[in-house]
Amino acid sequence: MAAPPVIEFRDVHKSFGALEVIRGISTTIERGSVVVVCGPSGSGKSTLIRMVNRLETPTRGEILVDGVSSTCARGEALRQLRTGVGFVFQQFNLYPHMTARQNVTLALRKVLGKTRAEADAVADEVLDQVGLADKAGSLPGQLSGGQQQRVAIARALATRPDLLLFDEPTSALDPEMIGEVLTVIRQLTHHGITLVVVTHEMGFARTVADRILFLDQGRIEEDAHPDAFFSAARSPRARQFLSQILSPLHTTGD
Amino acid sequence: MNLPIDWSGVLTGPPLHWLLSGLAVTLAISLAASGIATVVAVLLSALRLSPLPPVRLATLGLISLIRNTPLLIQLLVWYFVGFGLLPQGLKAWMTGDHPWSVLPGQVSLFAPEFAASAWGVGLFIGVFLSEELQAGLNAVAPGQREAAASQGLGGWHTLTAILLPQALRNAYQPVVGQYLNLMKLTSVTCSIGLAEITYQARQIESFNSHAFEAFAAATVLYLAIGFILERLLLARRKA
Amino acid sequence: MGLDFTVILKNWDYFLWGRTFQGETGGLLLTVLMALAAGCLSLALGIGLALASWLGPRPLRAVLTFLADLVRSVPLVLVIFWIYFLVPALFKTKVPGALSVILALAWFSSGAVLHATLAGLEALPRGHREAGIASGLTDGQVFTAILLPQAARNLVPSYVALFASMIKDTSLAFILNVPELTMTASQVNTRAQIYPAEIFLFTAAVYFVLCQGLSWAAHGLAVRLQPGQML
């Protein structure tokens, strides 16, 4: 029997009060794929991936991770599901009172029950993977934004998830640090982990992604390979978005 | 306005022993009540975060009850009523003979006065401590809770490993203030017969009428303990 | 739990006003009267200190704040005893227990009133003071005619909360055998012997209703007194 897709969205809807943010999304994400989710602000792209690990709960519909519903999971089952899904936040959200190593080992020890020695070994390995082996003993306050985000990625990698979700990972960074984070994410594509990245970085999307999901007003407006998306997007909204985001002087009016 | 001050009335003989015994009891009760207050504060913080509305409401109700009644009444309730509520076996053990539990001056740790005082003051300050912790928790960035959740950390681990350490850093001064408050409030326990500093000062006054000297000595003791405690607790604050 | 509250019903009037009609004020009535007296005194003292801090030289505020905090570093019980034992020794007059408690409470709380009042004044826009000075008023006139009434908006809720604390602290008069509510409850308990739970739980309930009520009133006032409204 074929393995289930890593993520399956089944007619997912999400409203915040009267505001409907996701209006019926159904699609699947295949194992090992690198998917970029983009769209204008308010399109629901952050909300969409936050529902995958239940940081938000769909108002209607269901999301399955590896064949198991994250929408209905609770308690211990939900916690175990979450250790299989790595999440990287726009604001990093590192624990400020813990060193980089402690940030990485916390979930390994408390949720996966590893010993301190085992956890430290994993931490050193993933911190080395993101190029910060020498900063293992630093506090987040002593690190630059780019370094903090790389520690956050290491923290997400530590539990060896099959799926990594990125919620605008470089939007809170100063321009000169965006590159180091995108490099780390790019390197992850060689490991066979499924990546879903919400981002505005179109250069990254064009070179790394094998699928682009363009969201507008809570629906998937365009779902294509980057080559097709960038050169021949079909929906008018997508074309408009592309011209705005790729315009060097941001002069394309609405 | 001639006030004959005679320090030997408090610094020699039985009065001196009483004062020192009172000091030992004040320190012991402060320690015991502090332990209880800390546990109560952490438990209340956890209960206030419960996903079940009835649990949250009951917790807030309890907090409101403790805050809006005088400490003295609470001590009287625990003293007269509390002891009787304990299970039979525990009561029997507490009233038994335990030489290690007797402080200088024949004060037993398991005497009703001590137990009621430790529990009463501990619970009282525990509630105020949880209020300070709550303020500190409210100042912790919401992303912290989300990061913990996204990693699969459960509620208890999230609270103890992530939220409370940060809350404590945010609210360190007020939290220290509550522990200092606790030490001063142990003076109220003299009213249910606990032989701490204030009680002993009164004892001396009725023994040889040296009111000024007795209460001056008591004041000095409280100020000294407070000063030392404050230095100790505030010196530990990380830069 | 098998509680029998008839002892409360039999003594309800004693709880409420003790032996007032036999010449000795007591019970809840005495509690409220003591709290009011101490409250007024501490308000007068605290606002006076705030006035002095505000108008006087900078160092004075530091000195007064230090002194106020010094009083609070000593347990309130001890302050009560100081006044009860020391004032007669110094002035050769006996001080009734209730008065000792009132004076001690007033002195102890004046520090809190000082802090609250200064905080309320600092929260005012600087322009108020400058407008007053510009039109020729003295600092003292600015304080009483302009600043204090404006700050009252912020301060009334704080003062009401302090009054609720005062009600609770009057229970310490028990230590001097003053017949306020707590002492009254204890007397009933000594007479009746077998109903401590009912008696003290009832007493706790009375304090609770009073103090929670005041706390809600303070909160309601804070919400209602928005900037721009007349007090």
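Letters are used for the chains, namely A, B and C, taken in the order the chains are written, and counting of residues starts over at 1 for each.
Here is the rule we use: a residue touches a chain if its C-beta (ideal position, glycine included) is under 8 Å from a C-beta of that chain, and two chains touch if they have at least 3 such contacts.
Owing to the predicted nature of the structure, the values given are computational and were not obtained by experimental measurement.
Q: Which word fits how the chains touch one another: line, ring, star, complete or other?
A: If you draw each chain as a dot and join those that touch, you get an open line.
Q: Report the chain closest to the protein's overall CA mean, measuring from each chain's own CA mean.
A: Answer by centroid distance: B.
Q: So, what's the distance in Å between the C-alpha centres of subunit C and subunit B?
A: 23
Q: With centres defined as the mean C-alpha position, give me the subunit A-subunit C separation in Å.
A: 57
Q: Can you give the whole-Å distance between the Cα centres of subunit A and subunit B?
A: 48
Q: Which residues of subunit B touch subunit C once you look at their complex with the stated criterion?
A: Answer in residue numbers: 1, 3, 64-65, 67-74, 76-77, 80-81, 184-188, 190-191, 198, 201-202, 205, 211-212, 215, 218-219, 222-223, 226.
Q: Using the touch rule from the top, collect the residues of subunit A that touch subunit B in their complex.
A: 53, 55, 78-83, 85, 87, 89, 91, 93-97, 106-107, 110-111, 155, 159
Q: Quick check on the complex: what are the subunit B residues that touch subunit A?
A: 141, 143-144, 146-147, 149-154, 157, 161-162, 165-166, 169
Q: Give every residue of subunit C touching subunit B within the complex, in rising order.
A: Going through subunit C, the ones touching subunit B are 73-78, 81-82, 85-86, 89-91, 164, 168-169, 171-172, 174-175, 182, 185-186, 189, 196-197, 200-201, 203-204, 207-208, 211-212, 215.
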